[in-house]
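In what comes next, subunit A is part of two complexes: it sits with subunit B in the first one and with subunit C in the second one.
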Partner chain A sequence: MAEKKQARLTKVLDYLKHDDPFSKGVAFCPGCGLELLLRFIPRVLGNDIVITGTPSCSAPVLLGQNNQSWHTLSYFGTLMTGAAANATGLVRYYRKAGIDNTVVCFNGDGTANDIGFGNLSGAAERNEPFIYICYDNEGYMNTGIQKSGTTPFGATTTTTPYGTVSRGKNLRRMNLGLKMAMNKIPYTATATLSDLDDLAKKLLKAKEAKERGFCFLHVFAPCPTGWGADPADTIEICRQAVKTNYFPLWEAENGRIRMTKTVKKPKPVNTYTKLMKKFNHMTEADHVILQDDVDYEYCLLGGLSVLEAECQLPVSVKDQGETS
Partner chain B sequence: MSSNHYFKHEGPWSDAGDPLMCTDTGDWRTRRPVVDKDKCIFCGLCAIYCPIQVVEMKGDTHFEADLDFCKGCGICAKECPKGAITMISEGEFVS
Partner chain C sequence: MNTTTTTQSRIKVITGNAAAAIAAKLARPDVVAAYPITPQTEVIEQISTFHASGEMDCELITVEGENSAMNAVMAASLAGGRVFTASSSWGLVFMYDAVLAVAGARAPVVMVNVNRETPGIIAVSSGQQDMISTRDAGWIFLIAEDCQEVLDLVLQAYRLAEDYDIQLPVMVHYDGFFLSYLSEGVDIPEQETVDQFLSVLKTQPKRTVLHPGEKLGVGSHGILGGYMELRHKHVTAMERSKAKFEEIDQEFADIFGRSYGGQVEEYRTDDADIVLLGSGSMCGTIKAVIDEQREKGERIGLVKIRMYRPFPHQALTAALKGKKAIGVVDRSLAFGFDGGPIYTELKAFETRMDGAKLVSFIDGIANTDITKTNVEKMIQMTRDLADGKDVPEVTWVSYPDANTKGGK
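Our next item is the complex of A and B:
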């Protein structure tokens, strides 16, 4: 009986080779996607990583309070405008001192896409050897749910409220992952929390690829508090985001995009939006706009991945992908 | 030099001698996950999806949450493929 049960054990547990460096009771909201991601990263990559981060939802826990801390990792707190630049400094120091470790720059979408994007872009251009992980909760959740560049069309936040004048955000969201893939850095990937084996594979691949240069991971992490969702639905939201192509999973090595999970029959986007209150007010017409946006981005990605497979790339580009 | 012996301290701000901070997050809970041991197929999905990572293996028969720290979000009950975990109101456990 017991052996039969053992055989069903999920394979994700095999990736969790290291101890959890965080203490058990940590001040994150119940059902927080960020907490799962934050505990997952050191368990896969090892506890000798150095995390740098900015003021965000992750900072109260990563930085510690008074003169005590919540975890045993090394953490370097920086400003939002200089996240990637500080990580660059750390990496260069470690290289000069001959210390071999992994620097993980762990930021929210506000830092990665809006405030610290200049640094991120610069680090990508210089191909600095560290891993940049952006957890995307689609807004500035720590300061009180303001809209950010990755907030989707129609979402209500405190700065884009629903009322007589405003009907949620009236702009389209930016696609941060695709922006970074176009920089032709060694490794770019999107991941989410419903596919943890996929996330673990991508983390390990990024650790390997960081020997060749800059790695960027865009992780979709729902915020039940900010989105008005049931905390129990966190993983379900991630799953539906993938199934509706709202957040497709792909990876790009040297800018060559490959889908890691293709959905055969994508569901309409309202199966995703009905899971949370921030889209409650949206009408059919609003859903059409959001659906068009999602379809457009997915078509673009699909087209790029097909192009990579079909077109005759110059030999030098192919070599770069395999050897450098 | 892969082992990072330069940074073996408790954190950036802390005294190395201080213990880690820990909040009794179990106090936040309004609903408690209760596992039906017979229905549990030992797939471990509750353990990997638990944001706090407090769902632990109990021998090799079933998984159970550490109620000292479980925040009662209900992800384990939602993700269980067999519906072996039910969220029961804390009021029922008050004696």
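Our next item is the complex of A and C:
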């Protein structure tokens, strides 16, 4: 067992071919999932990427503070409303000027799923040649833990508090990754921090696929501060999210879905929810609703992957690569 | 406008929108973002046609909304590109957060805004309210009177925006419907002439741009002391743009044979004792009425605002100083003030105009025509004011009820 773990670790380290461009101590909360992801991306993709970021948890570090930067990457601090359009402007000019580039548009779920979804959708339609990465911490954490479109059913946030009338968020979370895969873009994938070799592979695949157009990575990144979890449990939360099928790992090339990790005996969702306080108040009946949702989404994913395999991919998708 | 033919050119009868599209093509932008809105749509249709036929070698981004249009050209501009986009009314409003960000980033974006009302979805009509609602965004605003000036101003806008000493976004405004769809003869310059006019920019130092691997950041988070410095530099660059625009107008005249006079254009003001102050397409009508009234001995002139932001108060006071009365014609409203926006702004400089009296006229909003009859009425009231008669401070020229009922 120990040998297996060692082999796995070596495999991950093999992907880290580049320096960590970030300062050793940065202004993230202890156990922040976003920090691990943010450091990981340039170590895999290289330090010559151009990264764009918006007002969010990533902003203080990614965009620098008081004219001082926490890292040595080229970056563009932009607005939540137009993040994907900014990245579009960059890649289009670089293409016109013949400048090789890997542009990473790095945003939270608030930008990706909510306020900036219109231009994310537009960039997908036009098949813009860059990599969009959404770090999903299931809410607006930087402004103080408010509900977003990816906040799950039952979760308490400061805008969906638990009270005598309310039991936390009373709505389902949206499946952002699947929404994007349905656009038949060259590459879509989900990933998380308990499976870093999987994440590294997907980053490299995206780097290759962006030569053909738009790539979208949906990365599950826990927020111990906002979720009421032990900072030491960040990776365990990711692991249980995968093992309960709460956040399944899959990829889709040209929209063709393929599971990259199959869980043989998925655990009940409460093995995941019990790791944090945001679900503390949930009754058994509430858990049934959440479990139902998880099962349905997973079933749909499986169904789609089977269906996709049976359908002939249209020429328009196979030959895509022309941005218009 | 003084015209002398010094270069090879061809005159074509085209709309204001076509003039804007042709000017954009002649400026050879690297990236154009396009999203339709009435009455701007023809601009992006024409550019799309140029792009489709290979006449225009640019990256054309057919975005899914105006907000993305402004965000895309902002980033392309900060990466080093020459950019263009066009909008109007609600489109300008929908891109407003990015309009502010472009100014703050000092990105030399050039766009045209085809003026249209903004009070409601039904207001698909001409008016400068969209311009007024965005006047303090930190952009340079230029206003065209006719289709020729639309073309000329877009070319001049690139010289101004991308000048190393300026580096500010420029918005060229022209009246929707009245100019966007009006066809008139436009002298279209040759590509080589435009290249020559813009070539000065290539000799200037390179501005800082965002390229991969160069360890440069744009849009830092929470700058404390530096923010004051950046804003002050922005304000001083705006102020510098006034003299720069005069220089560019001169150089433009040398190359193209057309001069407008820079920040403001004066029409028959030399011996005039009363003056109308206007902007945009209304100035054509005002000039025609002035010519007629001059025949009758009325000493009336026109001062036309070409540069609205920064506010050209030095040029305006120089032109208006010593006149007996000035009638300011506004095609928009300034809520909280009785008079129009340009009137209220000019009021701040009243003491520098050696006793000239000011009066406000509001007309031409919601597509109403500023007719010759209306202009005659304005001239008469301005004359009455000069003669010491009692004239209301504000007159809604096409809406007498406003004046009699006091708007109740």
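Operating definition for what follows: the second predicted complex is superposed on the first by the 299 of 324 C-alpha atoms of A that agree within 3 Å, B and C clash if a C-alpha of one lies under 4 Å from a C-alpha of the other, contacts with A are read in each partner's own complex, and residues count from 1 in each chain.
What we mean here is this: a contact is a pair of C-beta atoms (placed from the backbone, for glycine too) under 8 Å apart; a residue touches a chain by one contact, two chains touch by 3 or more.
Quick caveat: nothing in here was measured; it's all calculated off a predicted structure.
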In the superposed arrangement, does A:81 touch subunit B (first), subunit C (second), both or neither? second
Who does A:96 touch here: subunit B (first), subunit C (second), both, or neither? second
Quick check for you: in the superposed arrangement, does A:299 touch first (subunit B), second (subunit C), both or neither? neither
Partner chain(s) touched by A:8 [first = subunit B, second = subunit C, both, neither]: first
State whether A:119 touches subunit B only (first), subunit C only (second), both chains, or neither. second
Per the contact definition in the header, classify A:307: touching subunit B only (first), subunit C only (second), both, or neither. neither
Looking at the overlay, does A:204 come into contact with subunit B only (first), subunit C only (second), both, or neither? neither
Is A:171 in contact with subunit B, with subunit C, with both, or with neither (first, second, both, neither)? neither
Would you check which partner chain A:50 touches, where first means subunit B only, second means subunit C only, and both and neither mean what they say? both
Following superposition on chain A, which residues of subunit A contact subunit B and also contact subunit C? 48, 50, 63-67, 69, 72-77, 99-101
Which residues of subunit C touch subunit A once you look at their complex with the stated criterion? 30-31, 33, 58-59, 61-65, 67-81, 83, 97-98, 101, 210-226
Which of the residues in subunit A come into contact with subunit C in the complex? 47-50, 52, 55, 59-60, 63-67, 69, 72-79, 81-90, 92-97, 99-102, 118-119, 121-122, 125-126, 324
Note which residues of subunit B are touching subunit A in the complex, please. 1-4, 6-7, 10-15, 18-26, 28-29, 41-45, 47-54, 59-61, 66, 68-69, 71-75, 77-79, 87
Taking the touch rule as given, give the residues of subunit A at its contact with subunit B in the complex, in rising order. 2, 5-6, 8-10, 12-13, 16, 20, 23-28, 30-33, 35-36, 39, 48, 50, 63-77, 98-101, 193, 196, 224, 230-236
